Structure formats: structure tokens, C-alpha cells
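Could you have a look at this structure, given as C-alpha cells, before my questions?
Chain naming follows the written order as A, B, C and D, and within any one chain the residues start at number 1.
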């Protein structure tokens, strides 16, 4: 437990290059803003990766050296290669933590792990968002009060096409009349997955202290406990089996 | 509720053609054996489909006309086209029920909906399996006693690489010393999914009354309540929003 | 399934006698209002019971003849006898359905089954409540749209001191800025439990069609599948046990 | 996190006084055996308490100074005072961890928190128990292999009358043909609850290294994150409410 936790912040990093409003808020990209506040924690070593790098910056070496992966994507989900998604998925199932941020509800990796549409209602307007803390004993909500507010955000509304979360952490209230399950966790294989709603690119959401606190907490919470590769073994019996003359004639076709 | 429930039994239908032991037990194929006992229920209309048909027998018309799909596959999971899997997945998320049988734990459609490895231990030997009914109030276990036995079956053992089930229905005991979550349900989108462990091709498992009862019950349980296509709508506010001069300048990039 | 479902609507029936505002809305009591709309369903036989009857109207015969019990209480939770609560609890665990309405979040029977504080925030003011349907495939939400509104209701806000629901059905939005898990289910023993938030006595909530639809659906959903009394049996082995010379000397103290 | 975790091991401590077989295995009582191996961990401060002490050793001061409580009881569940149970329950709901051992499935405190019968099958014979680790990524199973065995134990069999666990950790296989959910967790209020099956008084179960490892892990896992007393506050609105001339006439009866 004394080794630093190895964190990779993945960003799509395209809005920041084409939309001056976004680059004004996040001059080095959203991923670098997130990495910067995580780097203040001496228990973490933090790197970044983004879509337009070779292999999207997620080489085998990077993935093998990542304990917790944060993912922000939006306009270019379709540009993420399926082969890379498969590798990331395998790493989560082995034990790596995954934190999916905002529009990553539609990221290939998030949908591949949850299995559902992950669809929702949305509106870009002038809503205020108030996130109610419904699980104050959870590691992710330590240091967060009964609720916190984001002065302006994109609205995401129910129904949210997810499997029932293992833990429901936040429920959002929006000025325009909607609600949303804004923080939720799922175990997938040996890895922990956390979805956290806020973070539309045209708002300074990732500069907010409460948002940073939640993400920092979540990184620690998602720490791998194990690293267990996938196997499907033919296993000898542990107790005596009945004799069966036919047994030796049985098919021995491989399990797959 | 008065219309018949439209059931499609999908079988790989290959073991039966190459392994005389299997064809002796299931001369018309495993799918036809399952369809035959389901057809005794006048509330069901039952058809079959199999791997080597065009589009695996799962054309758009067949899928649109299916309320509950049963799936048995084993040696040829890899031969199922991804495009067909995507269509079946979309139908489940809209509301169609899915019953995954035995080695369908490794079917593409099952893994796509659950998101995990779905791996397990296994052994082809002379184990007896005893399935304990841990949820006697569930529709799937009506008419089933505290447990039922299968004299000889392939062993599947824990750990089983699945997300925590919504409902755990059966736990199996095996002679050789293993246990297994042999009946489990998950809601995925608007559809119900049931996994039922027994059914290795070299044993006459689908001829057993208790096994038939469970599958018949599950077909009724998996009946769709709705048929709701996937949407991700831009939604106008239901309550007055604060004024914001900047709002009209905002990006209107599409959500996907 | 052809026998009528036997429903008992239990009401505290005290506010109606002392508060003219309440009696103006519910001249025969809230329980009779609820019973009246349920009686329109020919598949139900509906009786009522209330606090100030002998045994609170919940004699052994009434409980034995009840398939689904609805419970509304508020100011007099403490007047409900513990012995009656124990009997109701035993019936739920055997299979009887329970629908807890509004301030029944603090009813002894609800707390006894859930095990937690069941506390919440509240405010009697002029809030509008909008209940979002987050599980449109559930039997309880059939006939309910994406949301429905109650023009004025007491506010209940998170955090709500409940165990994680098996199914989350509704999330409420309130004008004053709060959210609440307004419809949720739990399996307890062989019985189904549904909590439904709306129904403060000073508002005509139980006259609203959507509220009536939810409650009617819930009564059918809560139908018992079984009636299994509690036992904790000493069970003989089903498989041969190892010999053990000491076995006969072992303590045979009773399990309880 | 640097303060020692304050642990109280509660034992019934009666079998040990009347049954020489038990006192031979646990000369200082089962609670002292458990406390002894926990005391080897410098991060813990461990005390014991038992039934026949004043207030069962669980005074207000002891409870206020306990972070995690372990509970073993069997023949004398009925002798535990309801008032003490209520205090322990309140402490769990505030945040204290609770580890219920073996026949504590029938302890008043366990049943009060879970809400169900907690009944099961049982047999005192010569069964071997094999506990399969179905959640190897959980803090409670660190250092535990795929399974571990107990050479002789009382059998507990399904169905086990519990609510669906939040996490299923162990499933047991018994020689005699039964299975059991032997390790399971539930969140109750702000506290964590773990049930761990092994530990019949006539076997040296708590001397086994794997059993000690599981209990030690569980104590750390159950560490309180918060200490939040129960409240049910009247809460002012956070957003403007509509005006309502009738509002001032409304009932202001207290919420309870």
C-alpha cells in the first residue's frame, strides 16, 4: 500500500483545439487540468494520454503501468479503436480502476463494461446543478457536505440507461426540472468503475473544489486490490467422484 | 396478456451433427428438444433458429417477432457474426427477454450484455449436480422444491466472472467439491436476462422435468413489459431557467 | 391466479377526525379513498382497517386473509402495538405484500423490515413534486409516462435512511431544490415491499389518477407467489458423511 | 487513519462454562481467542465483553468507544436485553461496523438490522466445509486463496433467510450435499455489516489461520468512515417556492 498509485488521465483533447471557449477554460486541455489537481497528492503518480496519440496513448506498457484510468470523451467516441477498447476492458476486468467522466457515459469502454445503452436526456442551457450526497459514508464522498452546487452545467436527465448501480452516490437536481443519478459505482470483474456526471467542456467544472475532491477520492477508492488475468480452467475434482464406465468415452472438446 | 408469447429457441446445432453421442440424445437437435416441451404450453408460440441458417436464423423480422429468445451455443461462439449480436443486444435493451443456457455463458451476446469475462471452472466427469433453490418466491422457481438433482453433468465452478446478479435463484453443489451460481437474473435496459447453468450436450439434461419446468417458468418471467427503442433526446426545460446572455452563443455540437 | 387478490388498506385515521382540512379532502378517511379506487378493479377484494379498532383491525384472521397490505400512518406510529407489528412482519416474511405510503417511512413495520432509520428531510410548504419514472419496464410503472407531477406536496429530501433498494422506480424533483427516491422496492423474506412517497394528508394526492395508477399497479405486483412459514430445520445429510467416532458424543443442544 | 481502530469482541461466554468440550478448545472463552489473534495487529486496540456482565458489557461508554463490534452468540440470544440491542443498532446506523459470527445469524441485533428471519438449515455431524472465495478483489478476501477448508464444522444450508447481500463473498460446500452463502455484507445506515458463517463452539474453528485472516480483514474493512447521528430535519427551501396564500394555514403537526 505504500507504493504510489499510478494514474492515467485520458482526454479526447479535441474540443480544446477547435473551440476557443473551451481552450480559454482549459488552455492545456481538460486532461491536464484534471492531472494537475491530482498531482498535488503525493500518493499519486499521474500521467496523461489522449486520442490523437499513437494507440491513443494507451500502449500495452501504459496500460500495464496504470492502476486507475480516468476517461473523458465526447465528440469523437467513434474514433477510439475497438482493439484499444478491448485492451482497456481486459485491464479493468483484471483489476484496474476506471473513472468515467461526463459524456464518457457514451464512451465505448463504458458501454462495453456496463452492457446497456447508457443513454439519457440532455440540454445545454443555463441550468444550475445541485448534487445531493446520498451515501455520506462512502469513501468517494468524504469531505463533501450534504450537497454541492455547480452554477451552470449541461443538464443530464433520467431515465439513464444503466444497469442498477452497486452503489448510488449522488443524485442531481437541475433548475429545469430534471433529476439524474450523477455518481454511481459498479464492480466489473476485479475492477471498480465510477461514473461521475459533471464536466461539460464549455464550463469550468473541473476547476471547482468539490468536483476535484470527488475525483481525488474516487481515484483512491478505485485502487486495484488484485491483478488477476482471465482464465477458464479445466479443474480436477477435489472430492472423490462416482465411478462411471462411460467417462473415458466422453467428448474432450475444448471448452471454448 | 392474452396474446401468445412469441418464443425463439436458438441453438448452435453443430455438436448434434458431428457427435453421435449427442445426436442419440437430441436427434432433432437440442433446440428442437427445448422447443418441443415449450410447445406444450398453449400460451406460447415457439420457433427455432440455428447458427448455419442465413443470418443465423435471426433476421430482422424474426427478432422483431420474438418476445423471448433462448440461446444455447458452445463450440462455435466465434462464428456468430458481430452484426447479429448487435441486433440481438439492441432488442434485449428494448425489452426482449433473453435466456442463456449452459455454455452460453461464453456467448458473445451474453458477454456483451453483462460486460465481464463470464469465465468459470469446468470439468467433464461424473459429477452429480444438486441445484439449491435459494429464492423460492421467484416466478422461475414455482413448482420446484428445495432442490433438484441432475445425475450427471459437466461441472461449472466458482469464481464465475459475472456482475453481481440482481437475483440469485440457484446455487449448485457438485460431487467433486465445487459450488456455482447456477441461476441468476439481470435487468439490461428494458429486457430481462436469465442465466441457467445445466445443459451439457452429452447428457440428457433438457429431458429432465425440473429443468423443463425452470425453463418454462423463465420464458414467462422474461416476457417484455415494454418495447422502448434507444433515444438520447435534447430535452427542453420543464421549469423556468435563469437568463444568461451567453446561452445563445453556446456550442451546439451534437451530443454524440 | 384466478382467485381475487385480497387487499387490506390500513389507515391511521386520526388526522381525518381532528383536522377539518383533512376531512374535507378525505371525508371517509384516507384509507377509504384508497380502498374506493382499488375496488374498481374486479380482480381485487378490498377491506379497510384502522388504528383505533381492536387489534388495529389486524386480527389473525384478517392477516391470514390478506395478500397485500397497504399502510398509511403518521402522527401515531408509537400507538401501534409491538405485538401486532410482529405479526404483520411475520406475514410479510411468509409472502404477503406490503405497500408503505408516505409517512409510513417511519411506521414500525417498515422500519422493522428495512432495519434502518428511514429518516429523511421534510418541509410542508408549496413545493411542486415531479416524479421521474426511472424504471419504465417495471410492472409498477405501466401506464405512467416519463414523469408525473403533483401540484403541491410535502417535500421529502435525501439522504433517505434506507438500505439500497432492490429496484429504484421513481426519483422526485422538488421546487425547493431537493431530490428523493420516491418509489423503491425490497424483497423481505418471501414478501415484496414497495415504498411510495406521495400522500401528505393535507393535499388531495390520493385523488390523482397517476398516484392511483401506481398504487393499483403495485398491489398486483406485490401479489404473493408463495406462503412459506419460518422454519430452521435440523436436516439430515443428502450425501454420505465421513465416519467420526466422536460424533455420537457431540453436543445436541437445540439450535435456538 | 492513524489512530488505532477500537474493536470490541462480544461473546455469549456460556457454552464455555458448561460444556467441557468447548472449554477444552477455548479455555478463556471464544471471545478471548478471537481477541487474542486480533491483538497481534498493532493497528487495533481490542477489548472483550460478554453476556453476563452488567449491561452485557456494552455500556454507553463502551459503545461510544467501539469502532467495530464482533458478535458471537448462540444458546442465549433471548437473554440479550432489547434496550441494549437498540443501542447497538443505533451505533451501527451511525457508522460502527458489525461482524456477526456463526450462530449470530439469530442474534437479535443481526435480525434487527437485516429485517428478515435469518433462518437456515443446520446439522451437527461430521461435515467438511469448503468455503469458495467468490469475490477475490474484496478487502475481506485478501490473502485467501480460491477456497479454504474446515475439516469439521456444523452444516448451515440454504435457503438462508436474508435480504440479498450487497456483496457475496463466500459460498460454502458441505460434504453432506448442501451449499450456503457463508460470507456476505450489507450496508445498514452508515455502518458496514459482515456475516461470517464458521465458528460452531465444539470445533476449533477460530484457531484456523484462514478463519483468523478473514476476521482480521473484516475488522479493517468495517472501519467507520463517518459518525452521523440520526436526524429527520425540517429543512428550508434552497430555491424560491411559489407563493401560496393557504400555506400559512397549514397544519404544523410535528413530523413524528
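Going forward, a residue touches a chain if its C-beta (ideal position, glycine included) is under 8 Å from a C-beta of that chain, and two chains touch if they have at least 3 such contacts.
Computed from a predicted structure; not experimentally measured.
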Measuring between Cα centroids, what's the chain most distant from chain A? C
On a C-alpha centroid basis, what's the spacing between chain C and chain D, in Å? 27
Can you compute the centre-to-centre distance for chain A and chain C, using the mean CA position of each chain? Integer Å is fine. 36
With centres defined as the mean C-alpha position, give me the chain B-chain C separation in Å. 32
Which residues of chain B are in contact with two or more other chains? 130, 136, 157, 164, 166, 175, 177-178, 187, 189, 238-239
Based on which chains touch which, is the overall arrangement a line, ring, star, complete graph, or other? complete
Can you tell me which positions in chain A touch chain C when the two form their complex? 130, 132-136, 146, 157-160, 164, 167-168, 171-174, 177-179, 181
Which bits of chain B are touching chain A when the two form their complex? 15, 19, 21-22, 75, 77, 89, 93, 103, 106, 112-117, 119-128, 152, 155, 157, 161, 163-164, 166, 175-178, 186-189, 201-202, 230-244, 247, 249-256
So in the complex, which bits of chain A are touching chain D? 95, 130, 136-139, 142, 166, 175, 187, 189-191, 224-226, 228, 238-239
